[in-house]
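Each structure below is given as structure tokens.
Across the two complexes that follow, chain A remains constant while its partner is chain B and subsequently chain C.
Moving on, here comes the complex of A and B:
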């Protein structure tokens, strides 16, 4: 029983990270109808920037928000400079640019900081929660920070005028321009937000998987699985999907398939959902009248 | 110089030229209608004014040139476009739709006043303020589209086939509201309609379009009493 609880809770902790990645992927997907394959590498790069700042002596509590802001700005710049100009290009062009971005960030990180793994400090103390060994403080922190961030994002989209404008720009760009919304800038804002979310995810998972340029590869896959399971049209669904995948992956690895096949499990999940229920658990089925 | 002046307007969809040198104008405070059969270029004309299609020529609004400006900046000059098919944001509420209409308006009081004015014109919209906009009836969505346009306090309102798909009684009600808006809010209107009788009833001036060119223009009385127009467009 205790083992089950441990696996579930650590599954939730991992799931929190997958939920962040899933949310970032779905946000961009809703805005431009394309998967940001480079999401993980952007997050990894942000985490390296945070590491570098700490090497220069900045304390973690300062590094965290500064890194988030830098990543936000980076996301805006990437959209303005790279994806804005190819907005109306065909799918393949987008895919190629995403893959290029993936390679560039990966290689650049390796070039600047080398491919050797580095430890990344956790802001949370090393002890167990409440004296039990059900969950570590850092894992609890992962869940907690993620939840706080998700609530803030929800409130932003639901209750602020800019949040409403961003939703409108994604839902109906033509009508959005007709009420004076600059859809171009809403897109950039969306990218900035996605990049910022990615940075948070990276900084939270790095203590556990160790910092190196390839650290986000597996996590991106799980994040995709979470987004697909939850439904690509539903940010809330993506978050739920991320947590679900985290728990499912851990429990499957613990009881059924062993830890070597955990990543395979994610791939099987993606293919399975796309075959059986492509809209995901919470997504909308889009019906087009011809 | 007229309030809205269009000279030599050409518009293109890719390589296809839809407008071949359009000339027309609108005086401030007036209602002008653009008539014509399917494919004549009526919707394209409205889209050109709003910068939504590639175009050449000259469009001047209150002294400002509109050619080359982005849609969102044209809107900020005071032009509201009620698009073909209403363009409702279907997944959010009626009131959120109206709030989006006021995106360019500063001041909570101004926005609240604008919303009250819209609800005055259509109490039914007020009843359905928290309802998801996509579940409104066609007539209500059309009224919502007009309301959303009104929220930005426009000087000119472009309307693209507002009567489309609506029952005659609803259309009558809608056009009466349009007349009130023109009178009370001093909003000039450029109306594109396939229903020529309705349009000529509301408008002061009319332009007749055929394959991207103006073929006739005049006051509504002149146009409706023209023999050729009556036979081709008014059905008697």
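Moving on, here comes the complex of A and C:
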């Protein structure tokens, strides 16, 4: 029973990261109807920037907000410079540019910081939580920070004028433009937010998986799985899906398939959900008119 | 300029429909100057290995292997409009089929090529069946998942005896039967060249015929194609199978010429390589695949030169950044790839003359 609880809790901790990535993916999907295959590599690059700042002697809790702001700006710039001009291009062009970004970030990180594995410090102390060894302090911190961030994002979209404008721009760009919302800038803002969320995810997971250019590939896959399970049209669903996938992956790894086939689990999950219930658990069914 | 890599014009304009100066060679009708060009290319391809170092011959062989894999991806993406970010998986399955047959059952390498193709045909067909329900983007996601999961599947301990697990399998190098005239590398080069020529002729005939028209019709407008009596389900999953067959044969050849397979050779980045070759060579262009094959092989050399300028010795990482740059440039300025550029220039010259 204790083992089960332990696995569930550490699944929740991983799930927090998957939830962040899933949320970032869904935000961009809602804005431009595309999957950002470079989401994980952008997060990895942000994490390297954070690592570099810490190497220069800055403390974690200063690096954290600075890195989030840099990533936000980076996301805005990428949207403005690279995706603005091809907004109406076919799906293949978009997929190609996402893949291009993927390989550019991946290899630049390797080129600048080398491919060797680097430890990334955890900001949380290494002691038992409330006297039990069910969950590590860092895992608890991951869940905590993620939850705080999710609440902030929810409040932002629910109660601020910019949040409302962003929702309007995603739901109906034409009408949004007619009432004076700059849809272009809302898209860039969405990209910035997605990049910032990714940066948080990267900095939180790096102490557990170690820092290296390929660290986010598997995590991105779980993020996609979370987004697909929760529903690509529902940000709340994507978050729930991320947590769900985290727990399911950990329990399946512990009891059924072992740790060697965890990515295959994500593959089966993605293909299965796309086939059987394409809208996901919480998404709405989209009907296309032909 | 908005990039439009998926337009219908791509594969068609190459051949003017003028039967008067068209003659059939192996079922292919081409204008005279195209035939001369192909003849020159073939002569160069046959003579070149006798003037090159063994390492350069090896590089040419590998470029041809890439060209075959890119051709397979092109049949799927360029001519049928389905995306795949997972062709590294089929390349890997082909390579492992050959490697396991050679290592465990001591089959001669030339007998493993066709089984590797068939295994991939079946694998591709089976993956293509559910893919029918997945439109563009979702298919890209599903195949992305396949490519990411593949190395893990190959490493799995349950079939470690067969696959060699993390270590992979070592193979013996096929020896040239005429050691006096042909070195081993040259011998392998000619084997790969023959296979490549057969595959390219088949692909050419496939897309020029009834099947090809159905594939292209599905790409351009699936609903209209269905209305005209094309069985979308059959054609889409079959195209997936044939595409996997091409890539699998390429994988099989790669195992033979490298004499080694390991799970980490078949990662997502390999699928990206194919995509680069496809896009830079030209979507829906068969000759473009050859250009793409040589392009992806030569890029690491270019990036090493760039890295030398920065004073770093390891340029291993940088080639992917160069790939990425080329991808973006292609999408922005020459959406139909190198093949499209050539067509454009030829068209301009022809109009002037």
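By our rule, the second predicted complex is superposed on the first by the 287 of 290 C-alpha atoms of A that agree within 3 Å, B and C clash if a C-alpha of one lies under 4 Å from a C-alpha of the other, contacts with A are read in each partner's own complex, and residues count from 1 in each chain.
What we mean here is this: a residue touches a chain if its C-beta (ideal position, glycine included) is under 8 Å from a C-beta of that chain, and two chains touch if they have at least 3 such contacts.
The shown structure was predicted, so the numbers you read here are calculated from the model rather than taken from an experiment.
With chain A as the common reference, chain B sits beside chain C without any clash. By the touch criterion defined above, A:111 reaches chain C but does not reach chain B. Touch criterion met: A:267 reaches chain C, while chain B stays clear of it. Legend: residue contacts after superposition of the two complexes on their common chain; A:277 is shown touching neither chain B nor chain C. Once chain A of one complex is fitted onto chain A of the other, the partner contacts of A:80 are absent, as it touches neither chain B nor chain C.
Put simply, the nearest alpha carbons of chain B and chain C end up 13 Å apart when the two models share chain A. When the two complexes are superposed on chain A, none of the residues of chain A touches both chain B and chain C. Of all the residues in chain A, the ones that touch chain B in their complex are 161, 164-165, 167-168, 171-172, 174-183. For chain A in complex with chain C, the residues that touch the partner chain are 33-35, 37, 82, 85-86, 88-93, 95-97, 99-104, 106-111, 114-115, 213, 217-218, 221, 224-225, 228, 260-264, 266-267, 270-271, 274-275, 278, 290.
Residue ranges of chain B in contact with chain A, taken from their complex: 50, 52, 70-72, 75-76, 80-81, 83, 87-92, 96, 99-101, 103-104, 148, 151-152.
Residues of chain C that touch chain A in their complex: 2-6, 77, 83, 85, 130, 133-134, 136-138, 140-142, 144-146, 148-149, 152-153, 155-157, 223, 268-269, 272, 275, 279, 283, 307, 312, 314-321, 323-325, 327-328, 330-332, 335.
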